[in-house]
Amino acid sequence: MRIGVLTGGGDCPGLNAVIRAIVVGGTALHGDEFVGILDGWRGVIENNTVSLDSDQCRSILTKGGTILGSSRTNPFATDDGADRVQATMEALGLDALVAIGGDDTLGAAERLYQRGLPIVGVPKTIDNDLSGTEVTFGFDTAVQIATEAIDRLQTTAESHHRVIVCEVMGRNVGWIAVHAGIAGGAAEILIPEVPFSLDSVCERLRKRHGGDQFFSTVVVAEGAHPKDEETPGAFRSSQNSGNADQFGHVRLGGIGAYLAEEIERRTGYEARSTVLGHIQRGGSPTAFDRVLATRFGAAALAAVHDHDFGIMVALHAGAIVRIPLGDAVGKPKRVDPHLYEAVAALYLG
Amino acid sequence: MRIGVLTGGGDCPGLNAVIRAIVVGGTALHGDEFVGILDGWRGVIENNTVSLDSDQCRSILTKGGTILGSSRTNPFATDDGADRVQATMEALGLDALVAIGGDDTLGAAERLYQRGLPIVGVPKTIDNDLSGTEVTFGFDTAVQIATEAIDRLQTTAESHHRVIVCEVMGRNVGWIAVHAGIAGGAAEILIPEVPFSLDSVCERLRKRHGGDQFFSTVVVAEGAHPKDEETPGAFRSSQNSGNADQFGHVRLGGIGAYLAEEIERRTGYEARSTVLGHIQRGGSPTAFDRVLATRFGAAALAAVHDHDFGIMVALHAGAIVRIPLGDAVGKPKRVDPHLYEAVAALYLG
Amino acid sequence: MRIGVLTGGGDCPGLNAVIRAIVVGGTALHGDEFVGILDGWRGVIENNTVSLDSDQCRSILTKGGTILGSSRTNPFATDDGADRVQATMEALGLDALVAIGGDDTLGAAERLYQRGLPIVGVPKTIDNDLSGTEVTFGFDTAVQIATEAIDRLQTTAESHHRVIVCEVMGRNVGWIAVHAGIAGGAAEILIPEVPFSLDSVCERLRKRHGGDQFFSTVVVAEGAHPKDEETPGAFRSSQNSGNADQFGHVRLGGIGAYLAEEIERRTGYEARSTVLGHIQRGGSPTAFDRVLATRFGAAALAAVHDHDFGIMVALHAGAIVRIPLGDAVGKPKRVDPHLYEAVAALYLG
Amino acid sequence: MRIGVLTGGGDCPGLNAVIRAIVVGGTALHGDEFVGILDGWRGVIENNTVSLDSDQCRSILTKGGTILGSSRTNPFATDDGADRVQATMEALGLDALVAIGGDDTLGAAERLYQRGLPIVGVPKTIDNDLSGTEVTFGFDTAVQIATEAIDRLQTTAESHHRVIVCEVMGRNVGWIAVHAGIAGGAAEILIPEVPFSLDSVCERLRKRHGGDQFFSTVVVAEGAHPKDEETPGAFRSSQNSGNADQFGHVRLGGIGAYLAEEIERRTGYEARSTVLGHIQRGGSPTAFDRVLATRFGAAALAAVHDHDFGIMVALHAGAIVRIPLGDAVGKPKRVDPHLYEAVAALYLG
């Protein structure tokens, strides 16, 4: 078969491992031919491709990012985008297309499949917010990096008797914050799903520092926010004054900086903040992510050869399964309240 | 409640995280008291204990090994072992005992529970060979360490055009070998579940080196062995002549050394072997293992407070569940043949 | 002898290794007694101490931060500070005091020595800006952490065809930026010692991206700044509007954010910035720093027993030497222009 | 100029960083042309080369091993080897040759230079046994890897109350053992330079375990050996019976296995051994080694353009200097006795 492969959305450790598994596996098992589509859906729309063979893919397993480039272009953002995807697939003689991406990329994949295009999806989300799969590659690496950073921040917090706020990725969901917070032994974990009370946070810190602990680490997802009644416009307006969209990780009023400032002002404890930013999504994937990505790639290849299109491969109870794309997209997976509350009960106060 | 905690069998990254979750959580939620039992079942038999409180456990989350020590003592190995366990539990006034260990430790836990003792089990196996749970803590760390080692060996193999054999843990099952082998991009993965053919291994290496690859990494579980018909006593007798039991990782006739020697002799390619040994089971756990261990600890504590004894906590489809100890022990979990074969199809040759 | 030990200034990986070497070594070799002084000079002024013995110090070699705490208190900031130091030393019966710290801590040590106090200095500066020693512990760890972060950022930059600006520590000197920039293969390295021209930076990036490189990493020390003639007040005023002193790492107008914004505006290349912040100074020290810290500790102990006070131990040509404190302080060590220019010549454009 | 580059001897992290610095720097600064010589001196003798340009070298900074391959071939091992080197250099039109290697590679470089060939040397030795330079790249990486392994082994030793023997590289010198042993907090460090007394080792372990420490880590260089009077042939004969040369890291009678066996037999403490082997020389170099390798490469390039042949670049007191090849080779640098004794005094007993 002649198979196109594209990667869409934000980069994520493990993308290259998926590409490798598909290309090396397809070549060895079936003698497939592959076309590498550059920069996500943009490459299909603009027919911008590269050749892609086993030799190119052998050594990319350990490499972060994606050799195919990526973009956030959505074919349905313009009137003729979908037609152009179809035209390019025909021009390239593709029997199938494997789209590796998140909710946006796979949402487009689902709509293109409904138009009759032979597409298989592979889930990718560093934030772990895709329904239909227990977890995807990239998340484990991001959590590991954040945890190592928190380990480092703990010793600084301890030496200087400080509160250190560590802002991690997660605009809409708090998975990375919860996992890295548990793994790093954070005193507080604040997530978008549960608006926090600054009064309560400060009271718990006071109680903790009033005992025999003189330092604390607060892990906060970038999308976490205080309860409305507690912030009379202050946090939101400071957020708006920053360049949140374009230079989000260093904007004035980022939640991490805001928290450190407020905690210091209210409790008198010296407080600092650190924003982990892009280091969470780069670099060589963990072993866990390499294995999962490889298994996803092999499963996507199998689906293509079964002509089982319109599906997404997924992890369920240790096995790789196939679920309809339509069941997977459009339903962000939020943090399990039990996990969050069980953790909170164990660690806070 | 007054709760005893013990760790049995080989050490494993994450044991301390389980202890911490139980002790810190129980103290905060219920005001429980804890007794630390030293060196596994031996400590209960001999009534050898230490006090265990929240303060001691706060900073052990990131620490490898177990602060309680461990042993392979089985209370049923002597006639009065079980009676002495019961006597010690009464003498210590324990309302419950949490036993953290592998098949052997939990097998004893199950038998003690059948005698009426209030025991909850937490699964621990670095080899991932326990049925009833998708995975346990320690395995991810071991795979990560082995993968990092393989990454390093790849560059040496490449620079010197060598075959490098990397022997990893796994006496009875090949989980670590399969995962680390996939994650490290090994050319061959040999596991105990599937006796290998040296002829076939060498033929595949010849084919590979006859193309455009001039180096290979072979990952072999320590318990892998050649097919009987191919080894007229040679490998087995060399194994017996070594000190396999006591100094197993450096014995003459270890499977890694044997393979390197045979591959070099048969193919003429320069071959070397490395035995990873104990570094796979030591050191700070990965974030994945810290989270899983913490969740297991919290779940075991909940089971104790539900008076739900005779169970083991387990991971199933992302959730922590409880299963009867009797369903979990005595049934080693072997490598999924699909995983092994799908991998083989993708990578070998 | 009865010996006091204190750590002053910002925390730094390796402080605990120095403490351990002094205490374990002094106990074993000479039967010394030790007094741990809490939070730097503040602890001597306020007579706030803890006991310090071999048992406590055995396991701290690998631990980041300082078990003695730290502060930036300077005894000469108040009229009677030096008298109180002297009074405390007499009250504690100290025969000697080992002060581990940077320019500020050691400057006070020198002045106290001039008043007759038996003090030995150990150099500590994560920024590598202390004269008199080739390098000190902590710097290698900081460079390693920054380099690993840059490695990660490179893959993200490459996947998204971006310019990524990585802001590293270095308010007054660019040592970390230069070393991490070389080690990470940065396209640009900007340091406080050499005001940069934004026009030139953008021109070199344009040239680079006009060739066959479509991504770049710019490493900038937090204290780097543009040439005066190029910035008609814009950068400085934006700096002032932020909370530079208290929450510096996330302030509006941090040099990293400023650069990303300007580069994107001027070149049209998508640009992002990341501020590494405190993770550079926390966590377990590298092997290099552990060895250097241990050697410094052993050398400081030897100096104490030689009654060779008023000196600082230092690294010179692979050996540990002693130099007068007066020769070491007050002369910040700037980046070697040859190193910076040789690097620039090799990498830029 | 037209410049050849070769890498000889065992592989070492940082070789690629040297190659990159020479090629990228020479291209950018001088418009040099480069010829990559494959597999060390063998490639010059056999005229086996590849093209080498900036594009190929951009991304190899972080990669372990050497893209040029390596061998231990010595041109003076055959009668006409040197003539063939000269012939190849003329055939290739080389104005200069940069030889990156250890004592053997640089010894040949010196003799070829004496015959009039324009050669510059770059020191490479993972063992740190080259005179004339304080340190070379690769050593820091090896020590870091060994230290991380020892960190891991410590937790296992502690959990099981064991003595763990860790055998590290160092056939003739004990630099890695001493640095990793200090950094890892070893109880014993045994090196080739100082034959050890097994009686004394066991006595010190007994004393230590008789106190409040119930575990120990012994770091031993692979070339360390007991005093002659203590081993009536036993150790040597067991060494000879193994395949020391070809499969040295797993041979029966390796010093690590021997020590573990003897310590267990004599003291009754459970003892295990691990042989780190090739993982010490593979993988991505530390930041320290990348910087040093880059500086060496830049300095070698400068020497070539100064027509300053017959020299080796070296590190002295933080600066890169040039020394005559004749002063650098043939004089193995042994462990500084002060370092070893100061360490011993601090840690043993």
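Labels A, B, C and D are assigned to the chains in the order they are written; within every chain, residues are numbered from 1.
The rule is simple: a contact is a pair of C-beta atoms (placed from the backbone, for glycine too) under 8 Å apart; a residue touches a chain by one contact, two chains touch by 3 or more.
These numbers were taken from a predicted model, which means no experiment stands behind them.
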Remotest chain, chain A as reference, centres from CA atoms: D
Where chain A and chain B are represented by their mean Cα positions, the distance between them in whole Å: 30
For chain B paired with chain D, centre-to-centre distance based on mean C-alpha positions, whole Å: 33
Intercentroid distance (Cα basis), chain C paired with chain B, Å: 41
Residues within chain D bordering two or more other chains: 148, 151
Chain-to-chain touches, reported pairwise for every pair that qualifies: A-B, A-C, B-D, C-D
Of all residues in chain A, those that touch chain C in their complex: 11, 13, 15, 63-66, 69-70, 145, 148-149, 151-156, 158-161, 164, 242-243, 246-247, 249-252, 254, 256-257, 260-261, 264, 272-279, 281-283
Chain B-touching residues of chain A, taken from the complex the two chains share: 21, 24-25, 28-29, 55, 58-59, 61-62, 134-135, 140, 143-144, 146-148, 151, 179-180, 182-185, 212-213, 284, 286-288, 290-291, 294-295, 298, 316-318, 339, 342-343, 345-347, 349
